[in-house]
Structures are given as C-alpha cells and as structure tokens.
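A short worksheet on the structure shown next.
Labels run A, B and C following the written order; every chain starts at residue 1.
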Amino acid sequence: MDNVIRSRTPAARVWRLMLHLTLLVAALWYLLPLAVMVLTSIKPLGEIGAGSLLALPENPTLAPWLKAWGSACTGMRCDGVSGYFWNSFAIVIPAVIIATLIGALNGYALTKWRFKGAELVFAMMLFGCFIPFQVILLPMAQTLGWLGLSSSRAGLIFVHVVFGIAFTTLFFRNFYVSIPDELVSAAKLDGAGFFRIFWRILLPVSKPIIVVSVIWQFTQIWNDFLFGVAFSGHDTQPVTVALNNLVNTSTGVKEYNVDMAAAMIAALPTLVVYVLAGKYFVRGLTAGSVKG
Amino acid sequence: MRALMRFSPLRHTLLGLAVAGALGAAGQAQAGEVEVLHWWTSGGEAKAVGELRDLLEAEGHEWKDFAVAGGAGDSAMTVLKSRAMSGNPPAAAQINGPEIQEWGELGLLGNLDDVAEEGNWDELLPEVVSDMMRHDGHYVAVPVNVHRVNWLWANPEVLDDAGVEMPTTWDELFAAGETLREAGYVPLAHGGQPWQDATTFESVVLSLGGSDFYRRAFVDLDEQTLQSDTMIEALTTFKRLRELMDEGMPGRDWNQATGMVIDGEAAMQIMGDWAKGEFTAAEMQAGEDYVCAPVPGTEDAFTFNIDSFAMFQLDDESARQAQQTLARLILEPDFQKTFNQIKGSIPARPDLDMSGFDSCAKRSMEAFQAARDADTLVPSMAHRMAMRSDVQGAFFDIITNYFNSSDMTAEQAAERLGQAAKLAM
Amino acid sequence: MKSVSTPGEAARPVGAPVSRPSVTGHLQAWLPKLVLAPSVVISLCFVYGFMLWTFVLSLTDSRMLPSYDFVGFAQYARLMNNERWWVAATNLGVFGVLFVGLCLVLGAGLAILLDQRIRREGMLRTLYLYPMALSFIVTGVVWKWLLNPGLGIQAMVRGWGFESFTFDWLVDPDMAVYTLVIAAVWQASGFVMALFLAGLRGIDDSILKAAQLDGASLPRVYWRVVMPCLRPVVFSAVMILSHIAIKSFDLVVALTGGGPGYSSDLPATFMYAHAFTRAQIGMGSASAILMLGGVLAILVPYLYSELRSRRHG
C-alpha cells in the first residue's frame, strides 16, 4: 500500500521513530530464545552456569557443535545426531513431494471440475487438519501392522502423507479458486484432458502455492516427534527423536552447550528454508492461499 | 486374551516369514538378533548396558539398540505399546513391577523357564524379586538390579558449615533445616515433578506408619488405612517439607536437584540410590564427599525399585536363542557387578561378593538382607512397583496437587486417596 | 477399514462398460472424482474411521492395550468425576482464547506497522516469522530457562538492578498456563503477521486513497476500510491457530510438564498420559472424544457461517 504520506513535520518524525522502535523491540523479543541457544551452543561448559544467559562467550568454541554432530552419545551409539539427520531427510523429502502432488491434484479437481458435493468433500477433508495426533496413534499402529509397514521408513512416510494431504488440499484448493475458470474452459473446448490441463495450465502458475505447501509440510514433518518416536524402527528414527534422547538423558554432567548445538542442528534445515524461502512464502500466501 | 486373538492374522504372516527366514539361514550358525527397548540413555547407564551388549555379541548374537529417553520411560512405553499394537514387539523391553503382569495377561511375553532352571533362579533370587518376574508361574522377565528408594543424601561440608548433624528424626530434620536456611543454604533439594513428589511422600508414609501400614495403604489399597489419622499426619509432614525446599523447584529434574547438593547449594536430598551416579560422575567418594542415610524413621525398612527386562514371544528360532542368551547373561556375576557399580544399585542376586562396591551400596545390601528377614521389604509406590499404573496415576495426581496447592487440606487429600483406591477395585 | 483403495480399484465402475463408444469421454468426466477418491478414502479411513474406532474404545474397559469388553458410558462418567480433566479442559479454554486472540492482535498490529514502508522490512519479516520453523522439542529447553525465575528473565532483570522484579509464573500453579500462552504466541504470531501482511498487500490501493481523500485518519482507515477486507485472512488465521491450540502438546511437555502439580495440563496431554502411561485407554479415548466434540462445536458453526457468507457475498 502506498498510502504513507511522508510529511516532514516533527510529529511525523516522532511517529516514525516510535514505529521503528516498536518493530525493533518486537524483533528482539522474537530473537531472544534463538540468541540464547546460539550463545549457549558456543560457550565452553564452564561459562554456562557462571554468567547470565545472554552473556557473550569469553572463549567461543565450535567443539559442542562438532560433538553434537559426530560424537555425542544417545543410548549406546556415540555418533552424534548426524545419522538421524539424514534419516529425517529420507522421510521428509518423499513425504513432502507426495503430499504436495496429491494436494495439487485434489485442489485442481475440486475447483476446476466442480461436481455436486465438491464443497462437502472439501469440508470433510478439512476436518482432518484438526484431529489431534495422539488420538490416532494406536489405531494407526495397528493399521500399519496390517499393512506390513510397521517400524519402517515407508510406514512413517505413509503416515505423514495421510495427515498432510488435508493441509495441502486446503492450500491448493484456495489458490486454484482464484485462477480464472475461463482458461480451463477454453482448454476443455479444445479437447484437452484432465491431466493435460493440469500439466499445461495450472501447474505453470502454481509456483507460489507449491512453495507454501512445501514449506508448510517440510516444517511439520521435520519437526514431528510423536509419529517419529512411535512408528520408526531403531535405525530409522528421525532427528527430533535423537534430540529428545540427547536432551533428556538424565545422569551425568549435563552438557547444555552440546544439547543446544544439537537443537540448532535439528532446527537448521527448517530455519534455512524459512530464511531463504520466507520471501516466497509470504508472496505465496499473498497469491491467494489466504483468500477464500 | 482377546488382544492376542486380534494379533493372530499377523502372527501367521510373521510365522511364515520366520519359517522362510529359518530355512534360508539353516546352513548358518544360530546367530540371532535381539532388539532391546530401554530408556537407559545417559552416559553411565548407557555404558552399563554397553557391557551387556558386548557380552551378547561375544556369544555371536547381534544387539539392536532401541533407546528412547524421556519422562522416566513414558516415551519408551508409548513406543512399546505402538509396537505391540502393530504386531512386532521388540525381543526384550525394560518393563518393571506389576506391569510385567499386565503384559503377561495379554499373552505377549515369552517363556524363560528353561534358562531359569539352568541358572537356578529360584534359589538365586530373593522371593520378592522372583515373584515379580513370573507370570502364571512361568518366568517371563529377568531382574537387572535392586534400587533402594528411601535414602537421604547429604553434602557433609554444608552440614559442617551450618553446624548440624545428619538428621535421624523428622524433628531433627526440620530443626536442621532452619539452621541451614539461616546459613544461606537450601536445606532440601527437590524437583517438583509428580514422581519426585511421590518418592518423598512414600518415604514419609513408611517412616510414620511402618512397613505394614505402608503395604496396607499402597499394596492392598485399603480405604480405611488411606484415610486414617496416620496418613493425614504423613500428608501434613510431607507438606511441611516444602518449607525446606526452594522456590525454583517446579519442573526441575532430579539430577539437577542432586547437582545442587553436589555444588553445595543445597544440603540434602531424598532420592533413590541412582543419585549416586551423579555423585560418582562428579568424582565424589561415598562416605567422604557425600553421605547416605536412610530417610528418618525408615532405618529398618527397604523400599525397593527393581529394573527388569521382559522378554516378548518370538517365532524366529535364532532370535529366540539370542533372547534366551541375553536373559542368562543378565544374571551372570560379571555383568551384575559391573552394571550395578555404575548404576548405583545393588545386584539382583544377593549371593555376590560386594567387595568392589562403595559403602552406600554395601549398606544397601545389608539393609536388603535384614529387611528380607524382618519382612520389611516394601515395593516403591512412586516407581510402579506397588500398584497398577492407573491407580498409581490417580495417586500421583492427588499427591502432587496436594503438595502444590495452597487450599487442599491433608484431610481432603486422604479422603481422595481413599476414593481413588475404591474406584480402582 | 483394512484396505486403502487405490485409483485402480475405484475405477472399476467406470471401466466396466467397454462397449460404449464414448468411453474416453466418460472417463474424462469421472477422472476428477477418481483423482479425489484415494484422498477421500484415506480421509474416511484414517480420520473418520479412527475417530469411530476411538469412540468405540471409549465405550470399553480397555486398559493397557485395546480390548472390546463394553461398559457403556462408564468411562465418560469417570471422566466427569475427574478433577484433573476439568483443570485440563478449563486450561484449554483459557489458553485457546488468549492464544488465538493475542496472535491475531499482535499479528495484525505488526503487519500494519511493517506495511508503513519500513526499510529493513525483509529482515524484520524473517525475524518475526522464524519461530514457526522451530518445534518446541528444539526450543523447549531455552523457554524453560527464560521463564525459570532463578535463571531467566527474572534473574536477568534483577541483575540489571531492579531487585524487586518478579516473574515467576512458571512456578506458580495459578499462572503456569499463561507461560504456555507466552511461548505459543511467540511461535505463531509471526506467522499470523505474514498472513495479514499478505492480505494487506492484496488490497486495492484505490480504496484506501479514496478513503483518505474523504479525510479519514489513518487508524480509522485501517479499522473501517482495511480490516473488513481482511476477513478471509482472519478466517484462515483462526483456523490455523485453533488447530495449533488444540494440538498443543510438545509445548506443554517441554515447558511445564503439566505442572506445578497438574495445573497447566491440557486435554492433549491428559489424553496422552492416560492412554499411554497410565494404561487407561478407555478413559483416554473418552477424553479424546470429548475434545473432538468441543472442536466440532466451535468449528462447525464458524466454518459454516464463513463458507456460506462467502458464497453469497
């Protein structure tokens, strides 16, 4: 909006100052926990109890990071969180791709090939967003057993896809609603089929919403703990489970700096995604996902 | 039994797979895998379990480690239930106390009678222990250790500095508390988590009521006992202990509380003997840098907490062999000694030579033997030894709410304990 | 419930009459439904089916693992008599209202401020948004530190010389639930800000110019002209926020563990504790069903009125 009147009166200047100050204070509040994490993760253990949480490290060190990555012990395995880190990727990437693809097709079918009851189907699927995951834990475990997918990576991917499509469908449906129907009807008249229209007309303009959907799914699945701990085998646990093991170990000297470094490592992929793609995320939301 | 029936289609497929696997592997030696679910993830504990893995692998089997930390085994239990529901439980899982019976009732546990007979477990294990390991007369689990819960730990330097002696009665404890407070120390380190509240409370009950009273209240769940004047007195004393604790206790982990004693910030802590692991990690010597004493008034009694591994039914023959080997190894002297020296507990078999253990562990073993003879061995309520987990959960709620709430009276709390016990019947 | 239908299976009624000449045309007409079918089936099985399953379990005396001995509504009666359940339910009310409300106010406020041609907008936006990328498994420890009176904010402010400063909500049974609100608002308000900002960017400038030419003050323009345009944004935000509020679980576990006592318990943690650690699957399921009922009671009318008004408006 270009409605700001840049007047040079003193009152306007005070107003701009206040504005910037407010925004800065808010930024500091949002930054506080991350700052504490980063600062703690590069302090030697001795400095942690000694100073305040926000004290700068006197002898910054990367050792906690190296230890968290490669040699911290969880259970009997002393090879850090690195292995689990890749496990997470192996789960997240297929799950995100599949859920996004299904969501896109659903959104397309719901909006451009309207049929009786489409709204009802949409509302029905939407409700899937609200079911608390604790509720479905045991039924899901048994179902995975029936499907022969228990304790496997495929099982975990399956679960994430199942509970991800409600969201991806919501995103794509709301986005495609705002794409003019004329484009599609013209193509239909030309005899183009369902998939051809999707591929040629809808997909090329879907970039913003794909970004939104991918970022959302990536964050949700990467940060998941409950499914990860309940449905993974001993060698397919995601990084959140490893982090939990590391942080919750209850004996011995607590290495807060290593805990924090491990937490940062676990958080890094989603942070990077938000920082790099944040712009596109907001743009994607603007492009229509938030409009009904 | 119903539960078992619902697993049966899957069992068939598993069996099929197992048969196929066994045929394929027929030419090889009987090397099997054991997947072990446990929550011993911290440094010392993991090292202790590592001994077991090495022993197992020396026998040619493979150990698959499935460690899940958090919430004193809560997360691990969730995983176990999810695995059981999906029809592929791990070969062995850390399951303690009456829960072994609950799993046994579902028909999911395997039979260890052969190993038990070979190893003469009936004679080796004290009866309280072996009873807990059996379901329906058959051995289904192996005990790893025995923890004593009713310990009071103290930092002697702090006591000396404030000029107080190690208290042996509650009056002494409260008096010492005042002196310590004036000297600038936290008299009693505590973490405000439900199980820690319950750990403290059960010791107070044992102290004021004695072991018979304790058993009537927490094992028999007798309503009158739970609502008796003695219980109300115990509740009142328990809440008075708050005066000796500090403001920052809510949510604190037990080992952070122990850390306060180690650092000399606090004088004492009521906690089971796993606290020793913390002192040892801080390179402190029992009897010199830190001292242990039974909680006042519980000298002659012993509240036990036994860690054990329950073995699940397996169809794969080689895996079963590996599982049985694991069960045998757990009770072998070598493992019992190394493990328990690291863990802070005493061996599950009392026939071992205790020479390598520290003074607190020796005292613990003596107390265990004495309590066994005097029939004052009692199961820990706070550590899932005394009652089913639903009743225990209800008790935890009442105890922790009473301890933290300013408007619930001891009478009301006792009343509710009685009600909770009645509902459980 | 056993089989997940694949597109192939669902296609059978369509593919059957091969002799018809217009089979491809028919297929085209059916394709959208075919494409949707797997998702619908999945949703029927894994959302509605599991809800039904949970409801069935809530009528049984299931303890450690599900069993099917029916006891009627006894578990609900037990739940009604359970004081902890009422604490958890009340907490969800308090937490949900405050969380959604504060996020909307903060998010809208920050979005409006950011919309005033701020030079470093991109950077600030990222700073506000990043907490959404982190789970409480990651940030829980830090929040515990910050809110702990002996270590965190209280100690820090006292260290700056304000000796009487007190901030001990984490350890106060009456206030602990508000610490959950603080941490949750920290996490989600930036995201709401992004939603509002996106909405603001989508508003046609001419409307605003016209309003300003009419002599309306800036706050008035926002309140009277801009906010009504943002109604769909508010709708999306409320949906997403209530979804977060209802599912709040990691947050409680990481921050308060439900304590002191069980004063900051939420239904999600109550359900988890009973179903998984206390071997009371029956009662846990009953609590889950009541929780879902509550969600339905609030969301369905809202969803209905919003979808309806938009179709007509």
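Going forward, a contact is a pair of C-beta atoms (placed from the backbone, for glycine too) under 8 Å apart; a residue touches a chain by one contact, two chains touch by 3 or more.
Here is each chain with its UniProt name: A = Carbohydrate ABC transporter permease; B = Probable sugar-binding periplasmic protein; C = Sugar ABC transporter permease.
What you see is a predicted model; the values in this text were computed from it and never measured.
Asker: For subunit A, which other chain has the most distant CA centre?
Answerer: Farthest by centroid: B.
Asker: Quick check: more C-beta contact pairs at B-C or at A-C?
Answerer: A-C
Asker: In whole angstrom, how far does the Cα centroid of subunit A sit from the Cα centroid of subunit B?
Answerer: 38
Asker: Roughly how far is subunit B from subunit C, centre to centre by C-alpha average, rounded to an integer in Å?
Answerer: Subunit B and subunit C have C-alpha centres separated by 37 Å.
Asker: State, to the nearest whole Å, the distance from the C-alpha centre of subunit A to the C-alpha centre of subunit C.
Answerer: Their C-alpha centroids are separated by 15 Å.
Asker: Can you tell me which residues of subunit B touch two or more of the remaining chains?
Answerer: 71, 78, 81, 85
Asker: Residues of subunit A that touch two or more other chains: which are they?
Answerer: 137-138, 142, 146, 244, 247
Asker: Would you please write down the residue numbers of subunit C that are in contact with two or more other chains?
Answerer: Answer for subunit C, listing residues that touch two or more other chains: 65-66, 151, 272, 276.
Asker: Hey, which residues of subunit C end up touching subunit B in the complex?
Answerer: 63-69, 78, 83-84, 144, 148-151, 168, 170-171, 173, 176, 253, 256-257, 259-263, 272-274, 276-280
Asker: Going by the contact rule set out above, which residues of subunit C touch subunit A in the complex?
Answerer: Answer in residue numbers: 1-2, 4, 28, 31-33, 35-36, 38-40, 42-43, 46-51, 53-54, 65-66, 110, 113-118, 122, 124-135, 137-139, 141-143, 145-146, 151-152, 155-156, 159, 186, 190, 194-195, 197-203, 205, 208-209, 212, 218, 221, 232-233, 235-236, 239, 242-243, 246-247, 249-250, 268, 271-272, 275-276, 281, 285, 288, 291-292, 295, 299, 303, 306-307, 310.
Asker: Note which residues of subunit A are touching subunit B in the complex, please.
Answerer: Against subunit B, the touching part of subunit A is residues 73-77, 137-138, 141-142, 144-146, 148, 150-151, 229-231, 233-235, 241, 244-254.
Asker: List the residues on subunit B that touch subunit A in their complex, please.
Answerer: The touching residues are 9-10, 13, 35, 38, 40-46, 49-50, 53, 64-71, 75, 78-79, 81-83, 85-88, 253-256, 259, 274, 277-278, 281-282.
Asker: Given the complex with subunit C, which residues does subunit B contribute to the contact?
Answerer: On the subunit B side, the touching residues are 2-3, 71, 74, 77-78, 81, 84-85, 99, 102-103, 106, 192-194, 247-251, 388-390, 392-393, 397, 400-401, 403-405, 423.
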